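The following pair of complexes shares a single chain, chain A, combined with chain B in the former and chain C in the latter.
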Partner chain A sequence: MRERLSYYIKRDSALHRLNPLTKIILTLGILLVSLISPGYWTAHALLIFAIVPLSFLGRIWREFFSSAIRLIIPAAGFIFLMQAFFQPLGETVIFKFWVLDVTQESLAFAFRISTRITVMISAFTLFLLTTHPSELMSDLTRRGLPGQFAYVIISSLQILPQMQSKARTIISAQRSRGLDTESTFLCRVGSIVPLVGPLVFGSLVEVEERAIAIEARGFTSTHVKTSLHEIADTKFDKTLRWVLLALVILSLVWKIWQL
Partner chain B sequence: MFEKMKKDFTTMTWVLIPVAIAINIAVGQIVVLLKLPVYLDSIGTVLVGIICGPWAGALTGALSNTIWGLFNPDSLPWWPVAFFIGLVAGLCANAGWFKSWPKVILSGFLIALTAAIVSTPISVYLYGGITASGSSFITAYLLQTGQGVLSAVLSTGFLVEPVDKITTAMLAFAIVQGLSKRLLARFPRPENAEVEQGSSSSQLVTALIVAVVVIALGFFVRNMLAG
Partner chain C sequence: MAIVNLQNVTYKYPLTQTAVLQNINLQVNEGEFVAVIGPNGAGKSTLCYAIAGFVPHFFKGEMSGTVEVAGVESAKSSLSEWVLNVGLAFQNPFNQISGAKYTVFEELAFGLENIGVPRDEMPERVERAMRLTGISALADRSPYSLSGGQQQRVALASILVMQPKVLVLDEPTSQMDPIGTREVFGVIRTLAENGMTVILVEHKVEWIAEFAGRVIALHDGQILMEGKPAEVLTSDALAEKGFGISRYTSTARAARTAGLWKKANLPVTLDEAAEGFAK
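Entry: the complex of A and B
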């Protein structure tokens, strides 16, 4: 149950120095192009010629490969197997297993879908490794995102680990009082209440206090706030964003062309 | 409409949303730990929908999946589903369908239908119908019997979602009934949770019993179908 929430690794690289907005557009651009473009090899090409070189550029390739593999092998592998066995596509049977047959077409389809998933996960991992969430939020707030959104995202990231550790405490406490969380089905269903109840009510009671605290610090004030951190936004960033937008539109045009 | 939307987003709402997101994720993980055949990962979303209105619920759902996506990227593409779960829960609550437990069953059912319909195009376009979730075995079976992808995915959704979403709605309802009246009154829409008859504690207990019964029923029906 314990997961690390912030993947961010502090390094000095060209990728780290990019503006956070540029990085999020880069990620979304890679994602959209791989989803929209009708070419069979687009996703594969993006993975090899964009995402992997970017991880070297960002000097985080070691962390990138270890976390990407940890996330991708289960997700993409499972989907590959499911698709290969269960997609009722094509005629050319490669091999039979019980009543299921793997055809050349279903294998090709499985390969495409699982590469798409790989691109999705690895692009996102790359973004998280090189961007600090609060840096992203302060940049977006400066560009006009309401401060409330930034509050919601940043404070979720802070509350979640606290909530998870509270959940662990509650589970151990209830087990030590004899709560059965592992035996028969009905016992496990019944133990939802004593586990979820204290967790939820405990955290909802804090809501009011927190609301008063942030209200006292000018949360709803509409005045423009000055930021302590300056986040660079170079000419290169701006050009790159337009190029990415153009690429997404280009793949959309390609898709419509093919219809 | 915009003004009405704004009225739902008080400071209490903005503070509740992150807590609700954390509840979604933490409860989802507890359920995985208990090895139950449901997800229950949108209790917080429905809760916000009830006491803060449909748009706050929708926002909670969408952000919840985005934040969950930070350590489980597979949940990222499903954010529209969570968005509509929060929206429909809020609309049901405004219609007064979170005021007694029999009506909550109806709300849960509506939420389930919405979830099934919204998730179908995502599943078909992104994964060709077969996703990483366990219920895909049903879809795969239906595909093998010669059904089209769209109808196979949609029927799987209709089979799987009701148990999960009715339980979710019941538990969210029970939580709202368990909150003190004083705390409830601080949120934008406390009237959505006023019980019609009986005391809120009797509604709470009934809702919990119904939730357990629904999960058990779903489990036994599934076992019967498999056996």
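Entry: the complex of A and C
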């Protein structure tokens, strides 16, 4: 059974050591620049000159490529095909397929959109691989995110796998009582009911107990929360965040200037 | 001096007609080990919640009478302040794991983070709680990868780290196998020896006989009997009312009817029974 639902890989690297907020801003910065900037090659350049080098810097390039490829090929590939065939752009027909025309312009457009999708997915993958969820949440809590919100996010990451295993137990129990979960489609759909009942009602009881347990540990205390681990926020982090903000604004200016 | 003082406590859960606790008067001295027994529905858990402040703060409902710990009344305090006085651990170890932390060490620190303990004081307090519960070797493990007995000790440690004045344990071993039970009672023994005030709800009467200084028998929300474990746990009246009793007590009681048990008192533990039958 998987112990956690997080992609985090523990390594010691400059990227791992960055403050979590800086990493969020880095991810969003790359994303926004690639979306806003009117330059045709911006997204491609970001991919080659920012994201790929960052994956080497974070010493997670192997995991990065394997998970990125698994996510990107289906998503970007699908978008590319849709846009290439259905985008009613341009005159220069390269080839025809049934009633659909693939033009040079629609091909260029599709290439650009799918690169943007690639940038988006890979930037987030990079973020998830190098940021520990609880580190992220304690940093955000320190900056004023409500503790309850952070708790919901973090605990779901750990409790979901537990619920999955509970669902498997319930399914096995129901099957040993003769529930059909493997024959026709209708049978499979029908078998969801005896799963969902125990799972949902069981979880409701658990929620109350867990509420008592965390309350017993001062969860609603009015004291200012402290944190066990010190999360570094260096001068470099702060500078980098301003630089990224400046880049986003610059690409906005560029976009407006182009109009 | 009584550290826990319940005066005429009567309590009704919201939307119910009958009172779960009726006119409970209970004093527990500092450093005392009190066990609470009773059949299902006797109000044992509710009594725990009342001492730990969850009744009425968390469950709402109607409460009359007063619950005082160390001279402060629970109704006049807030729950998040009250948990610093009284620590509560209960049955299911899995539900007591916060889910917000990835290692046992961090799990223990969760409570300290919540109440704003400075960072440099945390490691010492966490390590002390881990030593007390014998889980130091598990510090870097995920709380979810542990056995039931280990998880329950983590749950106990996460409460102890808050340094409560009183510890309330609501059937902490009811979901444990024999090994887990022994582990958890090992911790409870250490705590009792260190002078912790403990209120323990438990069905396993042989363990109660070993630890408790006083036993309280709860029935239909009322205190039916109160006294030394040897007296309460072997009482004929309790056996008739459906209280869990030790198999050694019931064996000896049957033997007494048949004229085979000669001693005046019935046994609770195996050793007492063996000794009595040997005579």
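Methods note: the second predicted complex is superposed on the first by the 229 of 259 C-alpha atoms of A that agree within 3 Å, B and C clash if a C-alpha of one lies under 4 Å from a C-alpha of the other, contacts with A are read in each partner's own complex, and residues count from 1 in each chain.
Rule of thumb we're sticking to: a contact is a pair of C-beta atoms (placed from the backbone, for glycine too) under 8 Å apart; a residue touches a chain by one contact, two chains touch by 3 or more.
Quantities reported herein were computed from a predicted structural model and do not represent experimental measurements.
K.L.:
Please tell me, clash or fit, for chain B and chain C sharing chain A in the overlay.
P.N.:
When both complexes are placed onto chain A, chain B and chain C end up side by side without any clash.
K.L.:
Given the touch rule stated above, what does A:L259 touch, chain B (first), chain C (second), both, or neither?
P.N.:
neither
K.L.:
In the overlaid three-chain picture, which partner chain does A:S134 touch, first (chain B) or second (chain C), both, or neither?
P.N.:
second
K.L.:
Tell me which partner A:I214 touches in the superposition: chain B (first), chain C (second), both or neither.
P.N.:
both
K.L.:
One more residue to check, A:L195. First (chain B), second (chain C), both or neither?
P.N.:
The first partner, chain B, only.
K.L.:
Is chain A touched at more residues by chain B or by chain C?
P.N.:
B
K.L.:
State whether A:L71 touches chain B only (first), chain C only (second), both chains, or neither.
P.N.:
A:L71 sits against chain B, while chain C stays out of touch.
K.L.:
Quick one: is A:T226 in contact with chain B, with chain C, with both, or with neither? Answer first, second, both or neither.
P.N.:
The second partner, chain C, only.
K.L.:
State the minimum pairwise Cα distance, in Å, between chain B and chain C in the overlaid complexes.
P.N.:
Shortest inter-chain C-alpha distance (chain B to chain C): 7 Å.
K.L.:
Do chain B and chain C touch any of the same residues on chain A, and if so, which?
P.N.:
After superposing on chain A, chain A residues 3-4, 151, 155, 159, 162, 206, 210-211, 214-215, 219-220 contact both chain B and chain C.
K.L.:
Contact residues on chain A for chain C in the complex?
P.N.:
Going through chain A, the ones touching chain C are 3-4, 132, 134, 137-138, 147, 150-151, 154-155, 158-159, 162, 206, 209-228, 230.
K.L.:
For chain C, which residues count as touching chain A in their complex?
P.N.:
52, 54, 58, 78-81, 83-84, 87-90, 92, 94-102, 105-106, 109-119, 122, 142, 144-145, 155, 158-159, 162
K.L.:
For the complex, which residues does chain A have touching chain B?
P.N.:
1, 3-5, 7, 35, 71, 75, 78-79, 82-83, 85-88, 99-100, 109, 113, 116-117, 120-121, 124-125, 128, 148, 151-153, 155-157, 159-160, 162-164, 166-167, 171, 181, 185-186, 188-193, 195-197, 199-201, 203-208, 210-211, 214-215, 219-220
K.L.:
In the complex formed with chain A, which residues of chain B make contact?
P.N.:
9, 11-12, 14-19, 21-23, 25-27, 29-31, 33-36, 40, 43, 59, 63, 67, 69-71, 73-74, 76-77, 126-128, 130-132, 136, 139-140, 143-144, 146, 171, 175, 178-179, 183, 186, 208, 211-212, 215-216, 219
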